[in-house]
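If you scroll down you'll find the structure; I have some questions about it.
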Amino acid sequence: MAALDRIPADIQCAQDYESLAQSFMDPAHYAYIAGGSGDDITSRANRSAFARWSICPRLLRDVRQGSTALTLAGLPLPHPILLAPVAYQALAHPRGELETARGAAVLQSPMIASTLSSHTLEEIAEQAGPLRWFQLYLQPQRDVTLDLVRRAEAAGYGAIVITLDASIQLPSRHALRAGFKMPADCIAANLRHYPQPAEPPAQAGESRIFQGVMRHAPLHADLEWLLAQTRLPVWLKGVLHPDDARSLQSLGISGLVVSNHGGRTLDGALSSLTMLPQVRAAVGADYPLLFDGGIRSGADIFKAIALGADAVLIGRLQLYALSVAGALGVAHLLRTLHEELEATMALAGCATLHDIRTTTLLRAD
Amino acid sequence: MAALDRIPADIQCAQDYESLAQSFMDPAHYAYIAGGSGDDITSRANRSAFARWSICPRLLRDVRQGSTALTLAGLPLPHPILLAPVAYQALAHPRGELETARGAAVLQSPMIASTLSSHTLEEIAEQAGPLRWFQLYLQPQRDVTLDLVRRAEAAGYGAIVITLDASIQLPSRHALRAGFKMPADCIAANLRHYPQPAEPPAQAGESRIFQGVMRHAPLHADLEWLLAQTRLPVWLKGVLHPDDARSLQSLGISGLVVSNHGGRTLDGALSSLTMLPQVRAAVGADYPLLFDGGIRSGADIFKAIALGADAVLIGRLQLYALSVAGALGVAHLLRTLHEELEATMALAGCATLHDIRTTTLLRAD
Amino acid sequence: MAALDRIPADIQCAQDYESLAQSFMDPAHYAYIAGGSGDDITSRANRSAFARWSICPRLLRDVRQGSTALTLAGLPLPHPILLAPVAYQALAHPRGELETARGAAVLQSPMIASTLSSHTLEEIAEQAGPLRWFQLYLQPQRDVTLDLVRRAEAAGYGAIVITLDASIQLPSRHALRAGFKMPADCIAANLRHYPQPAEPPAQAGESRIFQGVMRHAPLHADLEWLLAQTRLPVWLKGVLHPDDARSLQSLGISGLVVSNHGGRTLDGALSSLTMLPQVRAAVGADYPLLFDGGIRSGADIFKAIALGADAVLIGRLQLYALSVAGALGVAHLLRTLHEELEATMALAGCATLHDIRTTTLLRAD
Amino acid sequence: MAALDRIPADIQCAQDYESLAQSFMDPAHYAYIAGGSGDDITSRANRSAFARWSICPRLLRDVRQGSTALTLAGLPLPHPILLAPVAYQALAHPRGELETARGAAVLQSPMIASTLSSHTLEEIAEQAGPLRWFQLYLQPQRDVTLDLVRRAEAAGYGAIVITLDASIQLPSRHALRAGFKMPADCIAANLRHYPQPAEPPAQAGESRIFQGVMRHAPLHADLEWLLAQTRLPVWLKGVLHPDDARSLQSLGISGLVVSNHGGRTLDGALSSLTMLPQVRAAVGADYPLLFDGGIRSGADIFKAIALGADAVLIGRLQLYALSVAGALGVAHLLRTLHEELEATMALAGCATLHDIRTTTLLRAD
């Protein structure tokens, strides 16, 4: 079904976009987006981790001056909901990231445009509000990486978000069984005009993984090089281990995103919510920390903040809303999540995000 | 199906009213009453919390003088089973609270009439026995609140039960999908003739939640004001956190109801049974403490008392029995629950509620 | 289907009698026997408790002299498998306990005839081997109780097993829904000729439970009286709490049966296996301790012994085998269980029951 | 369906052979191979044990020199994946072990030929690569056992793997219900020409288990005798208890296989993965330790190594791949598992098996 040009009538909560999207997407595309990798163990764990925490409501708290505003690494934001970088949004909507960008702007949500976007970062920038960041995959050739950074700077992106956890990705078995194949016309618009590097032929005894796929995986030196090339704040996405978090913090990284790539890389990695408190403890209370992985509601956002996040990224829901109603869907999704967060705060007796951070969640029954 | 004028033949236990009621209610009404909010996480948790506790029967105890009698805040009661305040009982039976009141009187169960009852508190009082309390939602205008209190005093209600945990309520997603809408003729009879307060128009940038819905949510000052207006005992319903319990106790509140509103407000709040022992520990052994949330049997009542409650409120079962057989159904339900409690006590070797309170439950297998 | 006169061909293990019996019993009778009480919470817990324990096999143990023999309270037995007292065996087979007794004799299993047997204890004694005990429900009139004891003594029963945990019993909701009613011709043959005691009419305000059903429930004094009346060993069945066990032990009781009556009394009581180690710890290593509740295999018997039992009683499986093939079925069941126990011992590296008792089970994965 | 002569097109991961094999095997044979014993409790536990562990990926690790190579008891191996001894492979493929041997050789996987192979160890040796070991069941007659050892030595097998945990085996209830019977033409080719020992007739009162089946079960003395007969390294398979592991280690055994025989012997034994860390702790970090039981993916292999194994044996997957495509299937399975292991290592930041061994797994969410 083609995307609507209005907000769908029967959306009662943010998560309703998940089921509604099935009528708006090619089934194989939906299976790909909804799935993780392998048997979806990690993407399911991301969800079930939220069910293990409960909120204990408080009474008689004055929330009449309540607000979800925050300052994130110096940037004032009206609410803690960002759009995660999601590749190839043309899978969900013909105009893909262009619609997403317009929807994000309405709600003043920072949008993080992917290196692998279906439209170029320049095209996206034209549609986006001022809160736009650029997600960077380090490329095999440093000059290409550098060119991407320069283009992002020129197009007014306010930060670089390097993704580190996705050296190997495969669609889930479920998506493969549903017949998912990346469509031929679904390309990484940003990279279209760069020359493909010549790869040396594989030597006998070489591993397709270690000496193949991983040959260009980023290392510390690449990161240090990159940090020296730009004055934009640089974030890192894909951290789970507290030691990695500490190590990246000490490099001068502006902030981290606790994430397992939505369960799309190592199936069997543990949920990002489980690691969040440890990562927060590792980096200290004031270091900018984002979270993604499994958020479907304002109550989930509340829990992520209570467990240590400053703000959260929305991945799959973003694509679902995009497929249903383009920019309108994305904006409505964000508004709905925002209001769900506010309602949860009101019932929990929290007037500010700081109140959430000082709330103790209890293990669910 | 219209309500029976006799006790249904095939009720073997109190919980049987739950399934039987499905034949006597509009499906959407049933879905609304049976559901909680959101995805029913909390209303399910209320039930499953009971399954986590087991009773270890004792042998050779003399229960021939056994009794379920208690004194609750000075009030002698034959058993610890009260009827929870439930709004809009016309959803379950055309004569709603009038039938409930008659049924409660037969078993000498205190009935707590809701502010949002389908019939006026004066009409209900006419049908009720002497054990009637009035549940109060603080109204936006203090003069309306005060008028409700005065009416309850005049109609012979013996206590005021203020509900604090329900500033925001939404039907469950399941009920909404079942098409639930509050029928146009289902009104809050008590409030019918009060003028609606003029609400100031929303300002730009204001939150519909914080500056809207929550504008009139009760605060400590409102509670103190109310306590000064009446000589009736004032109870508070909706406490989960032990710090809130202690704070309310110190205000001079007569007693508390540990409750999460049947899972009908914050979906994701933890079960009330889980919090009961902590609340009891916070307020001391002698402070009057009621409990609701998930009770379906006499064994459940036993468990709630063993975990700290003096007595319990029955919510959904009340509506189910009401729908099946009106006052007779409610009376039969209460008698059945009472006898189930007695049988559980006899097998557990407890002759009194005090014996239950000193029983240690074990984690279920 | 009428009971077979041969061992059924397709029984691969003892538990197969459970499903096979469904073809040989009236469905409502099967539902009654298979069920516990209420929602079958406790009867299910009895089963699932076994699944929580695993056995760690040992290697290279010499079991060529292996044996399951034991001495139970002075009585030499070839194996630790007794037949639990089960009432009204005519529900499973027209000749009921007469067949059971013959089957038990073949395998030298002590049979415990129920007070509520479908045939008289004298008729059963004629069919039984020398290992026969009599289960006693204390009767409202002491002279009737005494007469039962004298009859058991006269009929050569070797021990009295008093059941203490069954003051109140109800068929499970499932059995009631399946239409179970005790058939009119299913009577307690032992009690047929005793006069029914005249019960005083219920007084206003009296509880049907406390002042009714429980009026004749046995107390300590009744037990002491009984112990003074007979020189037979007296066992007590239905103990779960270690304090009750210690107290009964000090009265001079010959041994205890840890049991929750197969989950047929207090639904919500915890599994008997869970309490077994605590009861064993309470009474010391040498006090005779039997167990029932959930045994379906030789591995289950192994686990019960490892957790503290000297021997076990078989309840439901007994009825299932009885319904399938009468005495032959019972004998085959016992032989199968015995061999399953031996195979488990062999694989676990245990040559004797004492070896099992000193085996540490591990929590199941 | 007859086995393919090509790698099947739709295999996305090693575990896909599990479902695909159902189209290539007789259903009863499949049920037999897929099942364990009894109710499959232990074979299921073997699988679910893996789901309880999660991997925490690390970032920015240099794996460009990554390798899965190891030295196992002095033997250099390109990867830690061996083929478990599996009896009667003619159930899966007419040429059975001959195909398996050819497939193993391609990937340089040690193959462990079973005493109960469908083809003789000499025939298998002709097809196998240099990495071939012989699995030995000690026979009732020592001269037969010795002859098997001599034949294995003569045929160039490099090690003897004695299986100790399988004195009693029965197909699972599921396989029996599926009609599984060992086909008449499915014989132990190695044993065909040995005379059957004359068994003394059973004596009255003897146990079919203890004095029958277990009469020839191996004891310590048998093991010591065997060790004195051959200069080949001798491994022992079927260890679960750390005390047994220590005891065998002190006898001069070359290495152990932690295994519960795929859940095919004592149903109710705990999973081999659960015992692995304790066995490793018992034998020290450097003692050769293999593992089998439940491996279906490279991530599983990673977990087994992280929990203490040097390498793993593949049992059921081997048969599945054999049935689908003979030697090609086995080779492709091994290659797939190898690459899955490499991908898991790359994402987890491990360049060597030693890195895995020093990785801490986390309890799964």
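Letters A, B, C and D mark the chains as written, and numbering starts fresh at 1 in each.
In this section, a contact is a pair of C-beta atoms (placed from the backbone, for glycine too) under 8 Å apart; a residue touches a chain by one contact, two chains touch by 3 or more.
This is a predicted model, so every value here is computed, not measured.
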If CA atoms of chain C are superposed on chain D, the rotation in degrees (nearest 5) amounts to 90
Same or different, please, for the chain B to chain C contact, judged on whether over half of the interface numbers appear on both copies. different
Gap in Å, rounded to a whole number, between the CA centres of chain D and chain A: 43
Inter-centroid spacing, chain C versus chain A (mean Cα positions, whole Å): 60
Flagged in chain D as touching 2+ other chains are none
Quick one: do these chains touch in a line, a ring, a star, all-to-all (complete), or other? ring
Listed in rising order, chain D residues that touch chain C in their complex are 38, 41-42, 45, 48-49, 52, 164-165, 167-168, 170, 173, 176, 207-211, 213-215, 217-220, 223, 236, 238-241, 243-244, 248, 260, 265-271, 273-275
Okay, in this complex, where on chain D does chain A touch? 12-13, 16, 51, 54-60, 62-68, 297, 299, 303, 339, 342-348, 351, 362, 364-365
